[in-house]
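The following blocks contain the structures, represented as structure tokens.
In the two assemblies presented below, chain A is common to both, partnered first by chain B and then by chain C.
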Partner chain A sequence: MNGVIAGISYRALLGRRRIWLLILLPLVLIGLSLLLRLLGVTDERTTVTLMQTFAIGTMLPLLGLIAGTGVIAPEIDDGTIIHLLAKPISRPVIAQTKFLVAASMLALFAAVPTFIAAYLLVNLESGIAYGFALGSFIGGIAYAAVFMLLGVLTRHAVTIGIIYALVWEGVVGNFVPGARKFSIQQWAQSIADQLSSSAFFTTEIKLSFAIPALLIVTIGAVFWAGQRLRSFSLTGDE
Partner chain B sequence: MNIELAQVSRWYGNVVAVNDITMTVGPGVTGLLGPNGAGKSTLLHMMAGFLAPSGGTVTLDGNRIWHNHEIYRSIGLVPEREAVYGFLTGWQFVLSSARLHRLPNPDDAARKALALVEMESAKDRRIETYSKGMRQRVKVAAALVHDPQVLLLDEPFNGMDPRQRMHLMDLVRDMGTAGKTILFSSHILEEVERVAQHIEVLVAGRHAASGDFREIRRRMTDRPHLFRVSSSDDRRLAAALIADVSSGAVSLTEAGLEVQAVDFRRFTRLLPKVAKEADVRIWRISPADEDLESVFSYLINRSG
Partner chain C sequence: MSESTGVIHDIGYRHYDGARLGRGHAVLALTVHSLRGVFGLGRTARAKIIPFLLVGVMMLPAVVSIAIMAVVKQKGLGYTEYAAIMQAVLAIFLASQAPYTVAPDLRFRVLPLYLSRPVTLVDYVGAKLAAMTTAMFLLLAVPLTVLFIGEMLIDLPGDTPTAAYLTSMAGAVCYAVLLACIGVAIASFTPRRGLGVASVIAFYLLTSAVSTVLFATLESMGNDTAAAWAWLINPFFLVDAAVQVGIFGAKPAQSSIYPSGAGTAVAIVIMLALIALSVTALIMRYRKAASR
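Right after this comes the complex of A and B.
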């Protein structure tokens, strides 16, 4: 972790228009909760559905994509990353710092709003709010790592990330049971299920699979990103 | 400190960008000269640790440069792309550089570096409000903040106005005199001539010439030059010119005369004299092959 790099990364993420993308989705989630509350629909089943389909199913991967690629891909695109790389700092440390920045943004913009939205509907009932907040937090960490790696690996990180999040996790994951096993979203739900005792919430992936999978994916992605940065090349315009 | 390149090549697929180059860049200012696309940036990126050589080795005082972040304690790099964090002020940008180097007194170092490039007055403005030349200077300040022994600059004078250019040239020259190893790339001969004591010429990925700038300048100007001349009486001028040994060939075309001058200096003195004596008025004279590419291709054909 390097404080100077973290500082620049936070400013790059928050100081631009990107911050509106980060704020918009959590606002929609909390807005939906408020609306349901006003309409008097505050049952557990609705809350779980909102959490599963929107908080973890849509908002988390999209925010993961914005924050994960956002901490590094624009700098690689415009070449400003050279300012950080041409310094006597190990490149894996730069990757780890970028990852921590992205993960902390997801904790703030995904996990906290998820807790607030669930709390607005069912308070702390059946551990739903705590469960989904924790699931969102841990899932957010994994997304931050994977999408940051994607930002280092390819210039088409956002496109590939959207395809992964929407097509693989969204569509394929819903129809092909095997695909669900390899989905960060499903692992996040398994974590959420541990704290939640709600009868309306069941998950398929066992914790004994989800936890090692999350660890391997997160650590592996951060490590790989560090290695790729070590070999970062400027291929001249010539 | 010395940057040593030993039989360095770099290729992208089937395209060879840099071909078997061996050179040592030592203390003082070295200009890396060559037309666009000659492989200057590729070579500079390999010296800066931002590109792996496909063959050969690039070392700094014996230490491999690729995959070695420790070299940045000794190297300052000014990349060609002007992108810098636009949301930072010049001060914040240079200070961040000092902090990333873990300098004992980053504020002092940043202040000194900004003073070197005369950017103190604009230091509290965001970089996105800077002109191209100011961005270039703030990049130089960030690269100099840790007082590196080696400074690499990729086309550093591009986009600067004449005053800023002169200032940076003085700065580079002074640092060279102080014993630092400085290499900068350029495709403009005059630029290199003003600053560098030593020139390395790169043409089409090959090392075309190396040495003192006067020597290279002489080799460049002593080649046969082709001039187009139009005058009040082309035929009479042609006859007068061909009588002198400095003209290799004179041909009469519809657009005027084409003169091949074999001795450049002598020819430039001869032409006005001959015209005056023959009472011929010269309307226009233009070099037909003065572009750098033809100068360089002449050089490489001679050395190759």
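Right after this comes the complex of A and C.
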């Protein structure tokens, strides 16, 4: 962990236009739950649907993509990463710091709004609010690691990330049950299911699979990103 | 009187004596260049992977559908629902390629160079929009046409699907115009390609998720009229409701139900308003960028 690098990364994420997207997504989630509250639909089933399709299914991968690639990809894109890499700081430490920054942003912009949105609808009933907040917190950490790695690996990180989140987790996961085993969203839902006792919410992936998978993916991605930065070559823009 | 020392040397630059093709040709050249760039032509091999991968995915249902028709002698995919079924792929293509058309020029501040030529600001914006619109249209029209030709060749019993095909082509034009305008407008607000991609896809995911959640909730409340309106939040169903179902009377895509009565008129108005808003935003954005 390096304080200066963390500061630079926070400024890159929070400055300029990126912040608006980071704020807009949670705002829409909270707005939707307020609207549902006004309409008088505050049952558990609607809340679980909202959490599953919107909070974990849409908002979390998008925020993960914006924060995860946002901590490193712009620097690689305009070449300023070279100033960072030229300093006597261990490259794995740079990767770890940037990962921690992205993960903390996701906790703030994904987990907290998820809790608020669920709380607005059903208070603390059946542990839905706690469950989904924890699920999106842990899922967000995994997304941050994976998408940061993508940002180091390729210049088309955002597009590839979208294809993973939309096509693999969304479309393929709907038709091929096996694909759901390898989906961060599903792992996040298994975590959420542990705290929630709601009858409307069931998950297929067992915790004994989800927790090791989350750990391996997160630690593996951060480690690989660090290794990749050690032998990083700056290629020209196309 | 001092002797003048300034001399103009003739260092052999040659004049251009050919015909000057003028503004129209400049705009056309810019359009063609942008259109080629959308598909990665004239760019590195790596830039071609994603667009052509997505083109391949768009073709898949058409090919599978033709195979089903040939083997089982049964009708496959409907023409008018093609875009709504493949909406994720269209959205990913738009998100990944729209920023390419605008972001590099903004980032490297080369707009004044374009504008120092006969090309005007509106020409520039028009060329970029035309390129993206053509690309989106080709992405949708080619699989539809392949499907149509396949169905004609197999010649299933029953009437030929010419009307459905023409309706879907009219729909494809509207899909292309709406999506390209929104996509390019959103992408133009950031000079960073990555953020542009994320913004465009965020727009699609937000509208489609909000539409799904609202529809499910309103339907579970038993409020079917309000639920029908919720579909119009998603731009893909908006075009389907406005043009394909509204004007040409096709069957709604998938299981959606659109608002009846004034619904069509409202859908058309929303669609045109979205296009006008995007174009206005684009021109204002470029006025600002050009003045720097």
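General remarks:
We take it that the second predicted complex is superposed on the first by the 234 of 238 C-alpha atoms of A that agree within 3 Å, B and C clash if a C-alpha of one lies under 4 Å from a C-alpha of the other, contacts with A are read in each partner's own complex, and residues count from 1 in each chain.
Everything that follows uses one rule, which is that a contact is a pair of C-beta atoms (placed from the backbone, for glycine too) under 8 Å apart; a residue touches a chain by one contact, two chains touch by 3 or more.
Everything numeric in this text was worked out from a predicted model, so none of it was measured.
After superposition on chain A, the partners chain B and chain C are seen to fit next to each other with no clash. Touched residues of chain A were counted for both chain B and chain C, and C has more of them. Using the contact criterion defined above for the overlaid structures, shared-chain residue A:Leu65 touches chain C, although it does not reach chain B. Shared-chain residue A:Lys87: touches chain B; no touch with chain C.
In the superposition on chain A, A:Leu36 contacts chain C only, with no contact to chain B. By the touch criterion defined above, A:Ala73 lies against chain C but remains apart from chain B after alignment on the C-alpha atoms of chain A.
Touch criterion not met for A:Ala225: it reaches neither chain B nor chain C.
In the superposed model, A:Leu25 makes contact with chain C only, not with chain B. Legend: residue contacts after superposition of the two complexes on their common chain; A:Ile5 is shown touching chain B, with no touch to chain C. Here's the short version: in the overlay, chain B gets within 6 Å of chain C at its closest Cα pair.
Common to the chain B and chain C contact sets on chain A are residues 238.
Only residues 17-18, 21, 24-25, 28, 32, 35-36, 39, 41, 45-46, 49-50, 53-54, 57-58, 62, 65-66, 69-70, 73-74, 77, 155-160, 162-163, 166-167, 170-171, 238 of chain A touch chain C when the two sit together in their complex.
For chain B in complex with chain A, the touching residues are 12, 17, 36-42, 45, 48-52, 67, 69-73, 75, 77, 79, 81, 83-85, 87-88, 93, 96-97, 99-102, 142-143. On the side of chain A, the complex with chain B involves touching residues 2-5, 7-8, 11-12, 15-16, 78-80, 82-91, 230-238. Only residues 43-44, 46-47, 50, 88-89, 91-92, 95-96, 189-190, 192-195, 197-199, 201-202, 205-206, 209-210, 212-214, 216-218, 220-221 of chain C touch chain A when the two sit together in their complex.
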